[in-house]
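Next up: some structures, all given as structure tokens.
Below, subunit A partners subunit B and then partners subunit C, in two separate complexes.
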Partner chain A sequence: MTRKLDPRTKLFLLIVINVVMMTGKISGVFFYVRLAMVAIPFVLMLKNKMYSGAGIYVAMYTYVFALEGYTMESINGVLLIIILFTTGMVSRFLAGGMMAYLVMKTTTVSEFVTAMERMHVPKVIVIPFAVIFRFFPTIKEEWQDIRYAMKMRGIGAGGKNIMQTLEYVTVPMAMSVSKIADELSAASMTKCLSVDGKRTHIAKVGFSWPDLIFALCAIGALAMHIFYGGAITG
Partner chain B sequence: MNKRLEVKDLINIGIYTALHFLCVFIIAMLGFIPQVLIFAGIIEGFIGAIPLMLFLTKTKKPGMLTIMGILLGVITVIMGRPWQSILFAAGAGIISDIVWKLGNYKSPKAAVVCCGTMMLWMGAMGLPLFFSFRDNYLASLEEGYGPDYVEVIRSLTPDWMFFVMILIAVVGGILGGLFAKRLLHKHFEKAGMTE
Partner chain C sequence: MIKFSNVSFKYVGNKTEKGNLDDIDLTIADGEFIVLTGESGCGKTTFTRLINGLVPGYYHGEVTGNIEVNGENTQGKSIAELGRNIGSVFQNPRSQFFNVDTDSELAFAAENIGVDPAQILRSMDEVTRDLDLEKLRKRSIFELSGGEKQRIACGSVAVMHPKTVILDEPSSNLDRESIEQLRTILGIWKKEGKTVIIAEHRLYYLRDLVDRLLIMKNGKIERIIDSDEIKRMSADDNKKLGIRPFDEQEYIEKAKRKTERKTAGNSGDENGKLAAEQSGDETGKSVAEQSGDEIFVSQMDYSYNKKEQTLAVRNLHLPLNRVVAIVGKNGVGKSTLIKALCGILKARGEKVYLKGEEWKSKKRIKNCYMVFQDVNHQLFTDSVLSELTIGMDDKLSDEKKKEEAEKILKRLGLEEFGESHPMALSGGQKQRAAIAACVASGRDILFLDEPTSGMDEMNMLRLADEMKHLKELGKSVFVVTHDYEFIDECCDAVVELK
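Up next is the complex of A and B:
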């Protein structure tokens, strides 16, 4: 059995990937730093048996990196800007986005809450954060349902009258969201979240050797980033 | 009335923070076009105000908006912004909290102002472009997007533009608040938020 990564490690990796990919330099040795950052979600995808996703991911990055190297040297003008725009967007956001997706997909709420409590993060932060974390996929589902309902009644999402479309989207969204909030708080009642005192867990959360490897990798990248001309220094 | 935050309140905070963030983030993607970058704030505020308004109908206790601000800050830090941005977002939360308290947790006028003050957290999103972060960030952009693009960005964003951008976002928030107030009129009446 392979141990899962600790949620804390995953969050740390997510932050480092975002910092390096979004604001780091690209050329020279930093190319390899970026490559390492790109590799992290890839390895995790393989570990979670998302083979087709991993394939597409690698293909996209190969394409983008190759294009970036090629265009910078040989194309000028408007075309350059357009191409760099698309490649830049992909190379900056894809790794972080993928990592965020993986964090959400592979971490259960109880693991997340346990890990955060180990870090002594107060409950008023942990619970809303856990909700946010679980809520992004739900928003997507609701959004699709609303779009579908609108289509059935012949209202396009683009629409001529933007204000009206906005109303048709927001009001059902508001209703379903407040219902979801009620359901979630009912669910939390059964889990005794509102009871004070120390909670107990059956979620196994702890660091193991894969955590160490990934964390060292990330710390290395971050150190490179900060000491050798990275963008953001605390 | 019980002033302590219950789990139900915390869940509401989470849900509406997620919605608000998503609305703003999708629009913020447009900010990659340099000329839009400056004015994106007004649309961000406008759209972001809708979930915010809904959230305010459920906010009857002190501290909830502060927590929302902190959470927004945490998300921006996770997205690779400098850690100082968390202070911005938390500040926005605290200010909105005070405004909403002065409005007695039900005044629609205060709610509209809240939508504006909450948008102060956009300062956190724009932070890497300004002050001491500026040169390094632009250097990294230059390698990624080419010198032409960076030249446009550089000429469009002197340091004072930071405050203008925040101001624009705040105005957008207030406009959005006014719009959301009309849009969700019936809904608000049910929640007891009338003049």
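Up next is the complex of A and C:
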């Protein structure tokens, strides 16, 4: 598998994983449907050489699945609810979250833009979404620097006055992010970015057989979900 | 050819009588290399924006007069249209990329105007070869250094083969080595016959390239100096004109003299170690001999990731009660060192001594203050004045705090901005506001990371005076910088990191 998945496939997988994991049944045959959904990000992680991440991911799912199975049979009452609540959170959100992270990590902005334009999504919608891609790493960088600045002024993350701490985080964050956004818009305009006019693309985006396999898998799960599942009470 | 006829301009938010540009008349020939300089706020950035259309297309305001680029009036043209023949490189390497990876960014402008993909790829390969960008291809822009980002910015402009390139303070976040690489790129463009227009404070790297230097003041072109005259100018001539030097060699030599007197036993005989040195103070004693008045770092290690170690310090002596410059090549860990010294970064196996006593990081963080290279994160309150008062000694009364804060602002030329929101300040003003807050903190040991990066001559001199003032108050100041004029003005000692 040398070829990258098409961004459209990845987005489709992201949606299906979230729908099935969050709103689907969890027992019976659906256990296997869920397992398939959990497996998708795992396979992609291996493909992207994120071995330690993949290990932790499998360990977490083994743990919550095991706990879910065990508690359902042997524990009653409040404890059951608490355990189900926590394991439920993890099992429902982890796969979707991981998939979202993978989409972000493995798709370049220009691949995303290219794929969206192939689907004839208008530029006024595509451009803001493309910018979001770019802003995740930006926010990460800014956050690091803000933490240093707070530390130096003796303001810890768990300070006495939470409101004040919050202000000291959000104000500089808003300041620098809005400044970056402003300068970024100006720079992009001088690079001829505009909402009208036809763009070309150097990014090679297209479907190949891995897309087909993943998509079929997701379509199958989605069909099961729509025709036989759906309700949250399993 | 670019022709300005009686051009005046005023930004929408500008409530004063004065316009931002005032009656500019200028013709720039094809292939000319123009440098605009002058104090912050003199209108040089606005001038560049009028050419690439950001004024009035993005930053709104009222333009009068006529601007022609290559025989066509720019009025009524969109920024994107003008962008086909005019490339722009900006000051901040962090905010001029639309993409996350370098290849996409190189292709971006050409894609936007619909150039055939095969052609774009060819053009990218040419530019990669010409500007030596091979190592930067297919990388995440977020892992590049400031200098590397600026080279990609130049590359992405070059892919479009523009006739004219506009650069707005491109060197202000770069270290010496990166500036050297920028100079090379500019030289290539000059040779290719591109018209290059740069707004810049730092001039030393442009001396051999510039055809005409325009000194601006209050929105007017005050003086035009041609290349013959520039070649004859000495550092003193520049000082008289109030502009940064063309020739820093003299300052570099002086700085070297300050570094030469080595303290035995700490020069770099181990990889990543520091060669520390000592000032030429009259007594001629080395810091080590003056045992006591120094910070002594016997060990300090830090790495941001598993792959490489950023910092491996052994036996570094830093004199107290002085203004000490910390210099060194890009990536040797100057910023990391001062962050770790302040205690913001937790270094491994660190042993730091102050006047012979062990000095733990918790204690350091209470006694040190650092001004970052990018000060945007350091300003959190709603007025410049409260940025200063918030860090002051709690025992002082509010009036006393305010009085003191105003004095500091005045010294740094910010007296008008006490009530302003920090966000409303320009880049250089924010930098000074953050430094003012550092001074106001009253802490004894101060660290500044590239404080003069965006400063004009006048503000640089003001800052130098402030540094000397701090020393008189018995403070110790450590400045990471590669501004040799600044070092000459106020630093007593130079420590070179290796």
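Basically, the second predicted complex is superposed on the first by the 220 of 234 C-alpha atoms of A that agree within 3 Å, B and C clash if a C-alpha of one lies under 4 Å from a C-alpha of the other, contacts with A are read in each partner's own complex, and residues count from 1 in each chain.
What we mean here is this: a residue touches a chain if its C-beta (ideal position, glycine included) is under 8 Å from a C-beta of that chain, and two chains touch if they have at least 3 such contacts.
Bear in mind the structure is a predicted one, so any value in this text is a computation, not a measurement.
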- In the superposition on subunit A, see if there is space for subunit B and subunit C together, and answer fit or clash. fit
- Could you look at A:148 and tell me whether it touches subunit B, subunit C, both or neither (first, second, both, neither)? second
- Query: Can A:108 be said to touch subunit B (first), subunit C (second), both, or neither?
  - Reply: second
- Task: May I ask you to decide whether A:22 touches subunit B, subunit C, both, or neither, giving the answer as first, second, both or neither?
- Result: first
- Task: In the three-chain superposition, say which chain, subunit B or subunit C, touches more residues of subunit A.
- Result: B
- Message: Looking at A:130 after the superposition, I want to know if it touches subunit B, subunit C, both of them or none. Which is it: first, second, both, neither?
- Response: both
- Does subunit B (first) or subunit C (second) touch A:168, or do both, or does neither? second
- Message: One more residue to check, A:96. First (subunit B), second (subunit C), both or neither?
- Response: first
- Three-chain overlay: angle at subunit A's Cα centre between subunit B and subunit C, nearest 10 degrees, stands at 80
- Task: Once the structures are superposed on A, label A:31 by its partner contacts, choosing first (subunit B), second (subunit C), both or neither.
- Result: neither
- Task: In the overlay, answer first, second, both or neither for which of subunit B and subunit C A:185 touches.
- Result: both
- A:201 contacts which: subunit B (first), subunit C (second), both, neither? second
- Query: Between subunit B and subunit C, what minimal C-alpha to C-alpha distance in angstrom results from the superposition?
  - Reply: 5
- Note on the structure: Residue overlap on subunit A between the subunit B interface and the subunit C interface 130-131, 167, 171, 180, 184-185, 188-189, 193-194
- The subunit B residues in contact with subunit A across the complex are 5-8, 10-19, 21-22, 32, 50-51, 54, 58, 63, 67-68, 70-71, 74-75, 77-83, 128, 133, 136-137, 139-140, 143-146, 148-149, 179-180, 183-184, 187
- Message: Using the touch definition from the top, list the residues of subunit A that touch subunit B in their complex.
- Response: 11, 14-15, 17-27, 68, 72, 80-81, 84-85, 88-89, 91-92, 96, 123-125, 127-132, 135-136, 139, 163, 166-167, 170-171, 173-174, 177-178, 180-181, 184-185, 188-189, 193-194, 229-232, 234
- Touching residues (chain side subunit C, partner subunit A) in the complex: 52-54, 57-59, 78-84, 86-88, 90, 92, 94-101, 103-104, 107-117, 120-121, 124, 140, 142, 156, 339, 342, 344-345, 365-366, 368-370, 372, 374, 376-382, 390-391, 422-423
- In the complex, subunit A residues that touch subunit C: 108-110, 130-131, 133-134, 137-138, 141-142, 145-146, 148-149, 151-154, 167-168, 171-172, 175-176, 179-180, 183-194, 197-203
